[in-house]
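I have a structure here, written as structure tokens, and I will follow up with some questions on it.
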């Protein structure tokens, strides 16, 4: 399955326009190529994010097919990672509409890092819902007009991972 | 099913020690009584949290059976909500060990407020995992040594919900 | 289970403030009482909707616990259906936050009326997604800032059900 | 898996008659070829729909294998997209019977665009069912004798997506 | 759960109008009362069907909450089974809209009689689909404008069950 | 995955004896070859059925790997479709034991043609079970000693699909 | 849930005719009463089987609602267990049609005794299927015209449980 | 997927030591090669079992990857089937540890032959469990220290399949 | 559901012999009574275990219905907890055969304490399997002839939970 | 799928840096190469563990992609198994972050060795949870700061498998 992509160098990526494939697109060789080029360059997401002027989480989301980069994002990525611009545009350009949320095949997620996030939703979901209602009213936190951040918070008892998730409050319409 | 609890006043709650019931405990009448007393008092979780000296999310978690209050928490709750201390201790005292994460019966969660949190995990789970690894190494963000916060962030384009989740970094042991 | 509610008359409904019960609230006797009072009055949702100044779908959503009525909605319902205002406020008032989307226990939905809607999503979901992207960009149709309508469209070959679903376009934030 | 199709040009598509493959047919290279040719031409579904004289949703449904085009549809597509007519007929011609509704592998659907449609069914399914019954009787909205439309509705507070789904009313037969 | 219904006599059934209960309605005491009255009378479905002028399958479907009887059906049932007409109308009258297809909790169905029907769909589903397409075109057999019959066919090697399922052919609309 | 089979002509099919592969056998290239040869010949299942002296449903079941053809069936198929007899025998001959009922990957089935059959089982399963018991006793309709038929029944209000399923009655043994 | 049945003595069982309840019938108080009476008598299934002239497995199947006893079985049970004949007939008499195979709620079964049987099917299912085909042809072992036995086989290395399952061979019909 | 294996002759099987592949090993080409060689030789499992001195079920289990053959089993198989001993040892030799019970992808199993075994567990599982407890105590029938047999039992009313499953009784340890 | 049990004192427990109820037995009031009596006595499982001469895990397993106590265990429990011996014998005596492994309704388990055990199986399951095979051969660790222990291991970096699971090695029988 | 890896020799493994592939990485050819090299060397995990100075379980976890080896682990593995260091670093080096817990595709696990571990969690999960709470308080045993061991314990009645799982106690934070 896409064996070329996994050990192919970026320069061999086709510049043929990408075609929507719905179910397979999350396994497009372009994502392997992005990760590989970043590894070759020895760059972290922090580095790539700075190079393209996006946040770290958003940058990583591009690498996992969970965001739609703008043309300028692709240009910046092409320069930063030395991937031919044509290959990026062919796969992630105008006709690419991300198939989001399909990356985790197993539900509940099994990888312990991701499971802990999921567990936090299971344990604190109702308390958070109730607080959103008390602070805002009958509505939700958007997952679309949304941004997030991962930070390392130094702590003498052991550093902490701080995850900030922020979304626009959307009130339920009455009609 | 627990018909008494849903329209029973707090004063009729049994002071008999609670018994671990594993599967039913999330539906204990004590939780309905807590919510009801808070409603009668016209208190928000912000008010209750201040009254008992806990954070809002943690306080709400107690009301949903997702945290184990200390004796002093129960005392403070008893005073703040005018629920007999004995009833609280009987149900949420020394022999109460929360059955966490069982409150959401439907998986994936269906309530849109909670679903959006879940969707954020599906969409951004892998990017966040990768960033945690780059910033910390081979480990996870704890969901146990963990705290969270819900804030209202004013924004001219529409106020935003900011959710901060913070957990201790735990490195995988090598042995 | 809630045996009272199913054959209880509206006048016996408790005026005790409702308590959030998360999992049971969709089966609150208030919903049976609303349907029953409407049946006794011989009113259609069209009638009730006019009486309370809301659309038909929104009105029906209140009867199924899928919307949060405003105090004026409750007043209007109380008058239109002759249900004591206190009972409505106790169950659907300030402390009621709907647990939406939990009404359909079986997934996929089995009732043929609802299954056909679901089938339309399965068959036309990707075409609609693609059209939304082409017409709007990388974003979604909100299901929160959302309204809907059911109409009967006369047709000589057999009248047609027209379902209009309309939601605000929300663009994915880039950050 | 069908590696040729994903980067093969339309002209290399086999003109051998398609064979029903039930489970694999949704991944036929013809669909990638259709999307690719449309992208090369820089056409939107609106353009293609006009060129072949079909509605936009129906046209997009053909591109996702969710409709059975007539011979004249294939001819028109062949001209509009410059795909050899033989290749289209071989794959989508007389022996092609769409395997509908199988495109969404994950249930519930995960892509947020499609999930919101699904959520609307979960939240408003029962209200809509009840309104159909009150307006028509004991029957359903057909998902077969069915048509749909996606429109952009300008709105100063943010343009809206209007989705119209219309199906013939079918009464349950009594016998 | 509905303990009364299971050993209550028909004469004690409430005449209060039925209220839509969505999830519980399949367990309404009226269905137990119908079966019980039929047993007391020593009638088969063949007898009841003759008495009310409906087919056997349709008659049995009423007893399982899978069909909406007309007022005249209820009258005929009331006479044939000596159940008070008011009780029948209260539960199965104007405000009763069947929640169809929810009776089988376990999927796949487990009862061997029903499993064999299901197995026939699994084994012969694709062949039947293909034959419908060849004989009719791109469409389906309606399960709404539908009737069915169960017959005993004598056979020296062992009598056979003949199940006839018949539905209107519905062609997919093109638009 | 079996790429040869999907565009290979029948004459290139291997005559090596088929080996039981349990999970993959439903995707054997022989089935694609059968459908392809039938399409080339422009034959319907009605034509093939006549040519081999079997019923239409049974013939179609052979094409979907859901029946075990006898040597004479293979000979007749070979002649009727001009497929080398060796290829048929290699794949569907003495060592072929059908892996029945595995063709529908999605449960519930999603294709609307097949879903309607499934829905009929959900809606009418219990009524049919009850009628079988009343007409025959404590037993089932066999799905093994079983035959079926699809017919087109002309009807001025729209032709109807009649599906006849017939199986030997099997009584539960008492021991 | 059926609280009476669990500690009610057999003599208080209603003699009202049983009504088919489909989903609840597996929890009928009659089954608890049968087990209880057997326990009071200190009888094993071996004893009861001898008393009613049935095999042990069949006898136990009656106690779990998995078989339909004949009138003479009920008479014999009534005598052997001193349960009023009327109560047995009311619940397990002419209008009782077992809802088989629904007793195991969790799938896969979790109780280790039953799981081991299930595991044997998972491990040896394909080998057994292949052997049945080689010894009999294209058909199955009936689970309807079926009998079974549990025996204790003495063995110096530890006694063994021998389970014999025997069913009529049923050949697939060709038509 | 492993296309070579399915039509490759045994002599081309690699003699490279097999590597544990956990999930893929059930689809190793060695199993296809075993079945193919047996078919070429025209041997039944009865024949192979005699040739290698094992029981029929155990022999068939080797062919489906559900048992670990000893070196002498491999030698005997090599001789009986004329498969190079090296190929057998490479794949099924010292580093092969069967991944049992993974062969049935669909749960519940769908093939009717295997489903009937599964149905027998669903229907008679609790009766068998109860009998094991009465005859042995609090323990189980081992599925590890276990053997089984399939026999043809002549019967004038139709021959019967007799399946004998025998496992050591294991008592629950108390500690 | 078992409302009495949850706040009933032990002395009101029925001494009527327990009846096997398969699905409900895990919710028998006896288990609530055991926990309650232990809480009233202020005993830990360590205390109870010492009082009855069993290990802690085994003792706790009795309290959760996961083990079958011997008569002497019941006597000792009766004395230690001052629960009437008759009540214990009625529910957990000769006719009680535990329905093991059914206590965790949600799969995967959700409570974080239990989830971590489950996660350890997911992560280390294959490594452990491979080590068992290398150290013992083709067989398993019994979960029946099995014992376990939970210990607190002091550690300056934070005390550790040590879980010892020990089961007899069972070799797969060859036959 | 990765056909090369399964019969390729270690020396042909690419030294191109590995790219994160999320879903496919568990099937990387490096794992097959590790197992193969170990088999060629005739080493047990005990041997490899000694050679690299890690415990046996941890060593086996590396072979199954469930642990992240340090550079010195890779060097030691390279020497011990004579696998080129570059190939190991490319696949398991700095950019490799294990996707843990995804190796078991079937849930519940089906292989009997792993199922028994899972069954132990189902049966003893609640007792263990309760003991952890009594011995430590409101917290969990970490599965991250965790180690395990498999030992053979000689026993005259049959040697036993002793599995020791040990994790740091983590207390729930209060905030």
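Annotations for the structure displayed:
Chains here go by letter, A, B, C, D, E, F, G, H, I and J, matching the order in which they are written, and residues are numbered from 1 within each.
What we mean here is this: a contact is a pair of C-beta atoms (placed from the backbone, for glycine too) under 8 Å apart; a residue touches a chain by one contact, two chains touch by 3 or more.
What you see is a predicted model, and the numbers here were worked out from it, not measured in a lab.
Shared contact partners of chain E and chain J comprise G, H.
At the interface between chain C and chain F, two copies of one sequence, more than half of the residue numbers in use appear on both sides, so the contact is built from largely the same positions.
Centroids built from CA atoms put chain D at 28 Å from chain A.
The distance from the centre of chain D to the centre of chain H, each centre being the mean of the chain's C-alpha atoms, comes to 45 Å. Within chain H, residues 1, 20, 22, 57, 64, 100-103, 108, 110-112, 115, 119, 122-123, 126, 129-130, 133, 139-140, 142-146, 170 each touch two or more of the remaining chains. Of all possible chain pairs, those that touch are A-B, A-C, A-D, A-I, A-J, B-C, B-D, B-I, B-J, C-D, C-E, C-F, D-E, D-F, E-F, E-G, E-H, F-G, F-H, G-H, G-I, G-J, H-I, H-J, I-J. Of all residues in chain I, only 20, 22, 54-55, 57-58, 67-68, 70, 97-98, 126, 129-130, 133, 138-140, 142, 144-147, 170-175 touch chain H in the complex they form. Residue ranges on chain A touching chain B, taken from their complex, read 44-46, 56-57, 60-61, 63-64, 66, 100-104, 107-109, 111-114, 116-136, 140-143, 145-146, 148, 150, 152-153, 155, 157-170.
Within the complex formed with chain G, the residues of chain E that make contact are 1, 3, 6-7, 9, 27, 32-33, 35-36, 39-40, 64, 103, 105-106, 110-112, 115.
Those residues of chain E that touch chain C in the complex are listed here as 1-2, 14, 16-24, 94-95, 99-102, 143-144.
Residue ranges of chain G in contact with chain J, taken from their complex: 108, 110, 112, 115, 119, 122-123.
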